[in-house]
Amino acid sequence: MMKTNTVKISSGLEIGKDFVVMAGPCSIESTDQFQETADFIKSKGAQILRGGMFKLRTDPESFQGLGQEAYSIAKEIKSSTNLPFISEVTDPRQISDFHDIVDVFQVGSRNMHNYALLKELGGAGKPVLLKRGFAGLIKEWLLSAEYVVKSGNEKVILCERGIRTFETATRNTFDINAIAFAKKHSPFPVIADPSHGTGATDLVVPVALAAAVAGADGLMVEVHPNPEQALSDGYQALDFSQFEELMTRLPTVLQAIDKALAPS
Amino acid sequence: MMKTNTVKISSGLEIGKDFVVMAGPCSIESTDQFQETADFIKSKGAQILRGGMFKLRTDPESFQGLGQEAYSIAKEIKSSTNLPFISEVTDPRQISDFHDIVDVFQVGSRNMHNYALLKELGGAGKPVLLKRGFAGLIKEWLLSAEYVVKSGNEKVILCERGIRTFETATRNTFDINAIAFAKKHSPFPVIADPSHGTGATDLVVPVALAAAVAGADGLMVEVHPNPEQALSDGYQALDFSQFEELMTRLPTVLQAIDKALAPS
Amino acid sequence: MMKTNTVKISSGLEIGKDFVVMAGPCSIESTDQFQETADFIKSKGAQILRGGMFKLRTDPESFQGLGQEAYSIAKEIKSSTNLPFISEVTDPRQISDFHDIVDVFQVGSRNMHNYALLKELGGAGKPVLLKRGFAGLIKEWLLSAEYVVKSGNEKVILCERGIRTFETATRNTFDINAIAFAKKHSPFPVIADPSHGTGATDLVVPVALAAAVAGADGLMVEVHPNPEQALSDGYQALDFSQFEELMTRLPTVLQAIDKALAPS
Amino acid sequence: MMKTNTVKISSGLEIGKDFVVMAGPCSIESTDQFQETADFIKSKGAQILRGGMFKLRTDPESFQGLGQEAYSIAKEIKSSTNLPFISEVTDPRQISDFHDIVDVFQVGSRNMHNYALLKELGGAGKPVLLKRGFAGLIKEWLLSAEYVVKSGNEKVILCERGIRTFETATRNTFDINAIAFAKKHSPFPVIADPSHGTGATDLVVPVALAAAVAGADGLMVEVHPNPEQALSDGYQALDFSQFEELMTRLPTVLQAIDKALAPS
């Protein structure tokens, strides 16, 4: 196994060291929804808050995220909870706006091959979480990480979120091999996203724990106060009690492989 | 079969009416290479010139295209041959520069899901050729076309260029079903790209002719004066004699299905 | 392109020479249904009759074919129409029974890797049509053909019938590249099955004609007097008027590539 | 989660109860190789011995297993170690021969759709381990299990061994979702085969432990005294020290999810 880089997020938090949990709703929908979720995930030990502001949706008629309206909500909740914040950037022209808001720039699965965006993030000075394209070869994923590094930014974190296969019982096929492979053959920390990786609430917890055991450095999970009312991806979001179950079981599993959850 | 839109390219050329051939090198490499290729493909009956200026390459160390240096070459050859020109746009910020140069904006396979780019092209006022993502569902491809249409631009042309499957004997699996399906179920003209669709020079001609018979409204093929010396994708480019073979056989095959090659 | 073997079916019919059409229902359902279909496909120029007796169905509750009850029906119709007959063998223990009935043994897609069956067919002395597994690499398909050849039977015919991919708009993805590839790189004749390859009646004709142009030596198509009443796979069967359209258009397309339909 | 059936293998061993480990070489190559491996895996706590006698190889020139020559070796080692034995049956005509030798019939990935074999195993009276086809939908896998059950044998054990996808960095993509899904939605015990699932020795241990945490009821792993000399699949076999590492780490991981290794 290669030595893993650590990527510093805040004074007390380095990805690639202790195990981290990034949690929050697919999309920021309102101040109340985001505040309630942020407070809850923090209380259960998550270290980083996630929440989409610009959503890439295949259907132009679907909810596209609050966009710039979400900026003030994100700032407010980030400040009140004191949690680092990660959100997806979908256009190189958003980077300057995001600079004051996010602690980690997320590159979504559909943008793994968007080299214009990757190069621009090379100059962003902040960590970049690079999701694997849903049809991206592991080799291409590592080369996309190189685009960011060669453009001047070594703070790259990989994220496996499932690939597109012939299987239809699950939304994607979570590639657990890719977790183990990337840990063996690359220096980047690797985060697992079992929410997209399964697309099914009842599979998120077992696959999340499995990813931890396979070597992941952390998780990104979607959590919503009321998944059935979510404006996007509710079928794969954990409700509060399910997230609590995950956070209860996770430390025991980590201990079995000589790891520990990072302090929140 | 749905009635197909026609997309006007120039005074005498409408895609969706007679069959069109777009040809040229993967990348513009030099004035000489581009001039020689353009003259040749025009002499054999191609109606539209292609040539990459910005290339999306998975490896940051690979040749990335001449970039802005190609602008003057493209203008010069376009003017000397009087051929409409199509080239791939990889960043929304390139659109204004491209406006004076291209007659058709090409959206590459890796950008089918780049909705920021698609929305911007809705205001570009010129035709957009939308390649199918190599892991894009046909349904998603048609929805990506809707992004452009809903942003104000109805001049959308689809392009099937092969999908990523388990097969490794060919670079991609050319989805001939998708040609027939899109012609039955969408109003957009459909172009076939057998160069990327096969990734193998010796398969390009049979698959090109097959695509024509399946209902395609035209072809996009890579042609290079010396494929072995090409700076990108030489293994799938036709040399001049192979392109001549294609253009010799094509009219006979089109006639068999009551179609004809557009005048050049 | 490699020189193609010819496989003699009857005194006047060799596969790999002129273009052949194998047609008939997915399953033999009754004497009347099979007689009516056989008479019709013969009248339109098909040279070989197909009809399933043992069906491989993923669901044990689905119709499994008439089994041995179909033997007498098959013999009767074969004799009255004087058409060679092809049917799928699903178990090495059926081979001796089939010997008096079929002129070509069909190995279905699910059995491409069934080496016990392939070896046994090496001693069968009659032609074997080997369908590609729906997840079989082209290389594996050619090696499966070698299993039959090395077991003593050189009369192997390949059949491309679509592969399983992420696409769901069509039942399978018909791999037109595989037709062109197998013709270039193997000595076996290649048949195209656009019925399974598309899984959609309205795509069968365009994809069938495309396969012919890509180099196929023949077609296998499902035809049913009343597809909506079919006991299996009705959604992909041509009705009589659709089959007639195919057989009307086929000779013109073949002529455009200097080929011709075999005499019936 | 559905209640899991238990499948009794011997007086002290039930699959679906405590966690089981099936281990041994891909192929039985000689008495010495099989004896040495069997002794070792037993000493480290494995409960069931595996070893191929008939191998399904894509290339007819590859080593096909010792075939009937392996019968006496298998009997001898089984008796000396007193371990239950599992081996792959590739032809319905082998079943009677196998009856005296194996305790569990293994159906390989290439035979998941071989319904003639599945139906015959319905009458075999002994447990059947049904590997998922490398392109089999989870739904089809469960229906194949139904073929065995409806033919009279309820002692079915599922085995996930990886699926064929576009990824080439690993031999297969181990579908961890399928483990969790099958445990939630079917009554059958589920075994994980990380040897085929990864095809790479250095990924076997992390993926094996992950599968346990995702809910698997046991493992099947390939172990060889000298993987580099193995006659088949050596690139994915654990050597003795690697297997020892797995068996050392496994109990701790199982304990973290309130499970335990079955007594050997």
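Letters A, B, C and D name the chains as they come in the text, with residue numbers starting at 1 for each one.
What we mean here is this: a contact is a pair of C-beta atoms (placed from the backbone, for glycine too) under 8 Å apart; a residue touches a chain by one contact, two chains touch by 3 or more.
Predicted, not measured: the structure shown is a model, and the values here were computed from it.
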item: B-D or A-B, whichever has more C-beta pairs in contact; value: A-B
item: Maximum centroid distance from chain B, chain identifier (CA atoms); value: D
item: CA centroid of chain A to CA centroid of chain B, Å; value: 35
item: Cα-centroid distance, chain B relative to chain D, in whole angstrom; value: 49
item: Multi-partner residues of chain B (at least 2 other chains); value: 135, 139, 164-166, 168
item: Touch list for chain D against partner chain C, complex; value: 56-60, 90-93, 110-111, 113-116, 133-135, 139-140, 143-144, 146-147, 150, 164
item: Of chain D, residues touching chain A in the complex; value: 135, 137-139, 163, 165-170, 173-181, 183-184, 197-198, 200, 202-203, 206-207, 209-215, 249, 252-253, 255-257
item: Interfacial residue positions of chain A with respect to chain C in the complex; value: 135, 164-166, 168
